[in-house]
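One chain, chain A, appears in both complexes that follow, with chain B as partner in the first and chain C in the second.
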Partner chain A sequence: MKELRYVGQRIIREDSYDKARGKTIYVGDMKRANMLYAKLVLGQKAHAEIEIDKTEAMLVDGIEAIFTHEDVPKVQYNAFEWHSSIKAPRDEYLLNNKARYVGDRIALVVGKSKKAVEEAIAKLSIAYKEEKPVIGLDEATSLAFSKEISTGDYEKAFENADYIIKDIGTTPKIHHAAIEPHACLAEFDDRGNLLIWAPCQVASQIQIHVSNILNIPLNRVRVVKTVMGGSFGGKSIPILEPIAAFATYRLNRPVLLYMNRTDTILGTVTRNATKITVETAVNKEGKILGRKIEAHVDGGAYNTNAAAVTMALGKKLFRLYDIKDQCYIGKAYYTNTIPGGACRGYGSPQAHAITEVNIDNVAKTLNMDPCEFRLKNLIEDGAKDPTGSTDIGNAKIKECIIKGMEAFNWKEKRKNIRNKNTNRYSYGIGMACGTHGNGYTGAYPDYTSVDLRLFSDGSVLVNMSIHDLGCGTLTIMQQIAAEALDIEIEKVKVTEADTLNTPADSAGTQASRVTYVCGAAVKEAGEKLRQKLIDTFCKLKGINQDDVITSQGYIFNKQSNQKYSYSEIVVEAEKTFQEDMSVFIKYKSPANPASFAACFAEVKVDKYTGLVEVIDFLAVHDIGKSINPMLVEGQIQGGVQFSIGMALTEDIDIDSKGNVKSTNFSKYHILNSTSMPKVRTMTIEANEPYGPYGAKSVGEMATVAPAPAIINAINFALDTNITTYPATPELIINELNKKS
Partner chain B sequence: MMNSFIEPKNIEHLCDALNEKDENTYILAGGTDLIIKFAKENISNFKIIDISSFSNFRSIEDLGDAIKIGSCVTMTEIENNKLIKKEIPALATAAYNVGSTQIRNRATIGGNLANAAQCGDTIPVLFAYDADIEILNSLNQVRYEKARDLVTGIGKTTLKKDEVITSILIKKSKYSSGFSKVGSRKSVTISKINCCGKILLDEDNVIRDIEIYMGAVGVKPIKAELIEKEILGKSLEISSYNLEESIKEQIERAIPNRSSKHYKKIAAIGLIKDMLADIRR
Partner chain C sequence: MFINVIVNGEKINIDINPTKRLVDFLRDDLNLTGVKEGCSEGECGACTVILDRKAVASCSVLVGQVNGKEIITIEGLEKDGELDALQRAFIEIGAIQCGFCTPGMILSCKALLMNNPFPTEDEIKRAIEGNLCRCTGYTKIVEAVQSAIEWGHGNDE
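For the complex of A and B:
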């Protein structure tokens, strides 16, 4: 195979310079003539009939409109539906008719300045007639979704077991904590299209909902993905965009809808909280015979993703360990709390949070090393999904563990770590593994189109509907295109989604599909265009393919020893054959294999303050092929930060009345830099078929295994069985008190 | 109402502004709490008297037998000041432990005191050092009050509508001191509990006098008499083991009805150990 020039290289993202210098324009910075500012009014009671008196607020100077439920189209929708073929229960309005959670959107205030808007919101009189709220899974009774996935006969396996180890654990509602709060700008463009500028993950999803709610044809709704200051799933469901579009439609003025941090925590979506019960049956020899898992998912006040996340959570459980007889029961419930939504990992972090702690407990019961126990039970390369879902692919999870054990000095540390203990501090190491997917194939439509064009000056446009969430997606596509087309990377530009100008893409940037699916489409397009260029050249020069080689934007005629730039060939071909130099690729993802990781953590626990310090961390990822190692490392490090937050500090704190206490970053604790360990990363690159140059996903995968690795390390350090996330200082002290 | 912003250039100017101060007027020393209050309470109509760059309140002076710290001296300036590090080490540690670097660059000691948050990190230090607070009113009259008396509750002080803190006076002494806190994470964290200890050691390294104040276990810092009694007369190298019962009892007495007491009883053991370690350093 030809040596790779760009794939595998640490290419610096083009956007990093402007971002570092503060020059980047985010949607919140955009201004238009006659633009209005709008802000949502969020309900302050968890369950209440509402009556809104706008009289006094309307008198505030500069207020243009105050909309409530009475003013919006009576169209119910479910913003989760991201493709026209997906139908989910529709229970939301642009502005809701009742406060169903603290944070529910019940009014929209639109004015000439932010000051006027804020002042009017303070003056808005809202009467609440409270009803009893349902808070948390223990109170929940109203089912939003339920499903059982079963393989074999787990009951029989339980009968034959030497041990059955049961654990019950919980995971919290988590805020995505993207530094850019939610915002979007709606206006009519100069052709009369309703134009929405949004930092989003699926532009076409916004287009679908705006079209449906406002009854405007899809071909008049233009959604442009803007620069984004992080999403992590939080900006995946369109929340603000249809509302801003409505305001623009009604007022015929550009409207910038903005949120602050508190609004973003309360008024968007969260990672679903879960309560998961796991029972694992094993024999004395250490083989898992069967497993039963029941997951209760807190769906929040509206249906949103209740079905999808409950299914995603369950499906992963059949793709890590070789368990023939397994049963998963997933139930999602309505509660009067913030609705659930996509959040990096989409169910995988919750599933593994509890099952991987349970696996450690099984190993402990058997008096086996947790790594050795896993190695005995993990799936092999080329394993099939027992539920009949897509093939698992080139699974290198065992290699992740073996390499990780060695690099972490696992055996020696596990034996001797406790020698470091003092009266005050206990030390421990722990590990966990996990899996995640590569797109939607097997469940939902997963296709994309690429319009790849070589211009007459030799520059290249990769026209496609990409959404770079800040992960460097554009750079990845640039590297793949430059590699496939054999041209200098500086010549390649990649577009982001613009629903009236970029080709169709079924699913946007979610489900860990972009590198694996869209990247493969770009590779195919690049290779086809290069072939077209070669064919054209041969036709022009009357030579054979064998006489031609390409290199970095040039074609060589080996016969004549002449060299031509791509640019020269394009101009000549366009003139001679009256055809542009482009290809249009429709790509359907043929597979959906699994990515894997094994994580190893060392912790130091303060037995007085209950604070946990992660002092060493190693993440070993099976990623097929690293397109850009620098970005891969960044994804893994960021994923570890995300996941340590879930393990130790992050929790949207909701009291029994439904009030949220953690409404800003002084009370919602993300792990900051001083608490962040140095994350060591290793990758296993064993080539995933169908992935571009063998690549598969890493960004979501990175948030799956760190949290249980840390909890396992804490449990090892303290000899506890913590299964509640996050393991806050109070929880740890409580566990220690229980022991003594 | 129009928002207004006054930045006084001299005392007369400041007195005039204080004279006209009404319930919508706020004094801004650093703004790190005030701006958050505006956002949180949706206060969009306000008048501000900005004293943050008022030079009279910006200096740290050595008065020979005492140190005078202007009310608008920032946490960063305190943590880096050699005189304070030497004479009031606990105050330097406390200032260093406030919020983030950006917060410390703006937040002031006068603001920390006037805001009187339960978790204010410099307040237990001012209590332990029996600091005198210099206060100016709109008639250009000065009065003094002990920090311990000035703070009366959560967010409550004896400051009148037309008064402003001008400086904090702390007498020099042979005492050394330490500060510690416990929050939800290692740094950039709000104190769940904090403390300042001030001790006098004799030639044999025996603690001859001690003063400990603990914050966030009451409406304002409490004097930890039980813990003081346990430590007094012992060496600084004392093992905390003997202290556990007195620490737990101290917390029990301070917050008998709070569910957080179970955690704080244990956390305070670490807290006192860290404070003593800070003194030893």
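For the complex of A and C:
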């Protein structure tokens, strides 16, 4: 095999040059002639009939329109539906007829300036007739979804067990906290198409909903993905876009719909809160015999992703440990709180948050080292999913632990770390494992298309519907295309989604599918186009394939010792054979293996204040192949920041009446530079079949295992059994008080 | 109110409402859209600019407060088409992902290096403690600042 030139290299992202200079245009920076500004009015009560009096607000100078439920199409939809074949309960309107949570969208104010819009919102008179809200899982009774997944006979396994270890834990609602607040711009383009510019994850999903709600054919709705100032799932389901499209449609003017931070926290979606009960049955020898897990998921006020996230959460539980007899019961409930939505890891962080703490408790009961206990029970390479779902693939989780133990000096630290303890500070180390997927195969449609073209000047366009969320996806595709086509990387450009101009893609940038699925499609296209070039060249020159080699944009004729640039061949071929030099491929993902990680954390707990400091962190990831190590490290380090937040500080704080207290960054705490440890990363690269050059996913995986690793470290430091996230100072002090 | 201010080396004399926020003046009046707004309350640092050698959140400063002062935004860091060492380091070390926090982050670091050319790791972390980043976990950002210093550009001004 040829040595890889671009794959595996620390290629610098082209877009970082403009980003470092402040030249990058995000949607909130876009301006249009006659553009109007729009802002949603969010309900202030958790459950109430509403009556809105617009009279005074309409008098504000510059106000063009104020829309409420009465003005919008009476079309119910579920913004979660991301493909034409997916149907979920439809229970939301563009503007809702009732306030069902604090943050529910109940009106839209449109005006010539932000100032006018803000002034009108302040003058809008809203009367609420309150009803009793349902807040939190303990109060919830209305089921949004319910499903059981079972393998074997867990009850029988429980009968044979020496120990059954039970834990009940909770995980919070989490704000994605992309630093770019939500926004989008709608207008009519020069051909009369309704054009929506949006930092989105699935442009075609917006297209589907706008078309359905406004009754416009799909081929007249154009959605263009703009530069994304972070998403993490938050900008995945269309929230603003259909409403902005409606305003443009009604007013025939460009409309920029914007949100501030508080609106972004209240009026979009959150990671679903959960309450999870896990019971694990083991024998004395340390083998897991069976497990029962019941997860209650807070779906929020609308159905959105209730089914999908509850299923995704459960399915992961069958793909990490070798447990033949296992039962998962997942139930999602409606509450009068912010709806759930995609959030980096999609159910995996919640599942592992509780089960990985439980695994530590099982090891503790058996008096075994938690790493050793896991090594005895984790799945092997090539394991099958016992539920019949897609094969797990080349699973290297055991190697992650073994390498991680060594690099972290696990055994020595675990034995001696408590020697560092003082009256005030306790130290501990902990670890946890996790798994996540690679696309939708086995559950939902997972296909994509690539139109790869070599121009007459030798430049290359990879035309596809990619959405770079900020991770560097475009660079990954560029590296794969350059490698497969054997051309200088600078010559390759990759498009992002534009629904009327880029080819079909079923699922956008979600479900950890882009590198594994779309990357494989680009590789196939690159290899086919390179072969087409070779065939064409041989036909033109009357020589055999054996007589040519390619290298970096050139074909060499070994017989004549002459070299030709790709550009020359394209020009000659187009003239001679009247055919352009391109390939169009349709790719269906044949597999959906698992990615894995083992994380190791050292913490220092202040017993006086309850503050936890993470002083060392190591993440070891099984990723098949690192296409760009610099970007992989960035994904892991950022994922750790996300997950430490879940472990220690992040929680959308909602009181018993449904009022949200954490409405800004002074009350919703994401980790800043001084609270973050330096994150060390390691990768196990053992080649995943079907992945491009052996690669599989990492970005979502990175948010799964860090949080339970930290909680396990805290529990080891304090000899507690914390299963509530986040472990705030208050919670830790309470736990310490309980002990004394 | 007439305001005299130097922005990215250019003298500006303008009749303007002094209660306008600095971020709006820079973005809307001067079209310096590299100044980002992430929280509007001085908590995320995306709107950071350098005001008389200090990093400030421009959403929490009013135009009336900048009279007679000098402002540097991200657009003003390049000199004669040459990137600042910090900009180069952020690009080359991979400290930029979505890029939305980047202008503010770089300017907080620039203000630090203007006043302290050879900061320790802790000093770097403290200089950006008011700049939130959700993508990088800060590790590569700190590394980028250290690289810029190593490259010998920590002592300009």
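Points worth noting:
Heads up, the rule we're going with is that the second predicted complex is superposed on the first by the 740 of 740 C-alpha atoms of A that agree within 3 Å, B and C clash if a C-alpha of one lies under 4 Å from a C-alpha of the other, contacts with A are read in each partner's own complex, and residues count from 1 in each chain.
Methods note: a residue touches a chain if its C-beta (ideal position, glycine included) is under 8 Å from a C-beta of that chain, and two chains touch if they have at least 3 such contacts.
The structure displayed is predicted, hence computed values, not measured ones.
Residue contacts after overlaying the shared chain place A:I121 against chain B, while chain C stays out of touching range. When the two structures are aligned on the shared chain, A:L631 is found in touch with chain C, with no touch to chain B. In the superposition on chain A, A:N672 contacts both chain B and chain C.
Of the two partner chains placed by the overlay, only chain B lies in contact with A:T649; chain C stays clear of it.
Judged by the touch definition given at the top, the superposed model places A:N260 against both chain B and chain C. By the touch criterion stated above, A:T728 is placed in contact with chain B alone, chain C being left untouched. Once the two complexes are laid over each other on the shared chain, residue contacts for A:S16 go to chain C alone; chain B is not touched. Residue by residue along chain A, chain B and chain C are tallied for touches, and C comes out ahead. In the superposition on chain A, A:D606 makes contact with chain B only, not with chain C. Common to the chain B and chain C contact sets on chain A are residues 260, 664, 666, 672, 674. Touching chain C in their complex are the following residues of chain A: 10, 12-13, 15-17, 19-26, 28-29, 176-181, 227-230, 232, 260-261, 469-472, 630-631, 633-634, 637-642, 664-666, 670, 672-674, 676, 678-679.
Across the interface of their complex, chain B is touched by residues 115, 118-119, 121-122, 260, 262, 423-424, 606-611, 613, 649, 664, 666-667, 669, 671-672, 674-675, 728-730, 733-734, 736-737 of chain A.
Chain C contributes residues 27, 32-41, 43-44, 46, 73-75, 77-78, 83, 87-88, 90-94, 96-103, 106, 124-126, 128-142 to its touches with chain A in the complex.
Put simply, chain B touches chain A in their complex at residues 36, 39-40, 42, 44-45, 182, 184-190, 241, 260, 262-263, 266-267, 269-271, 273.
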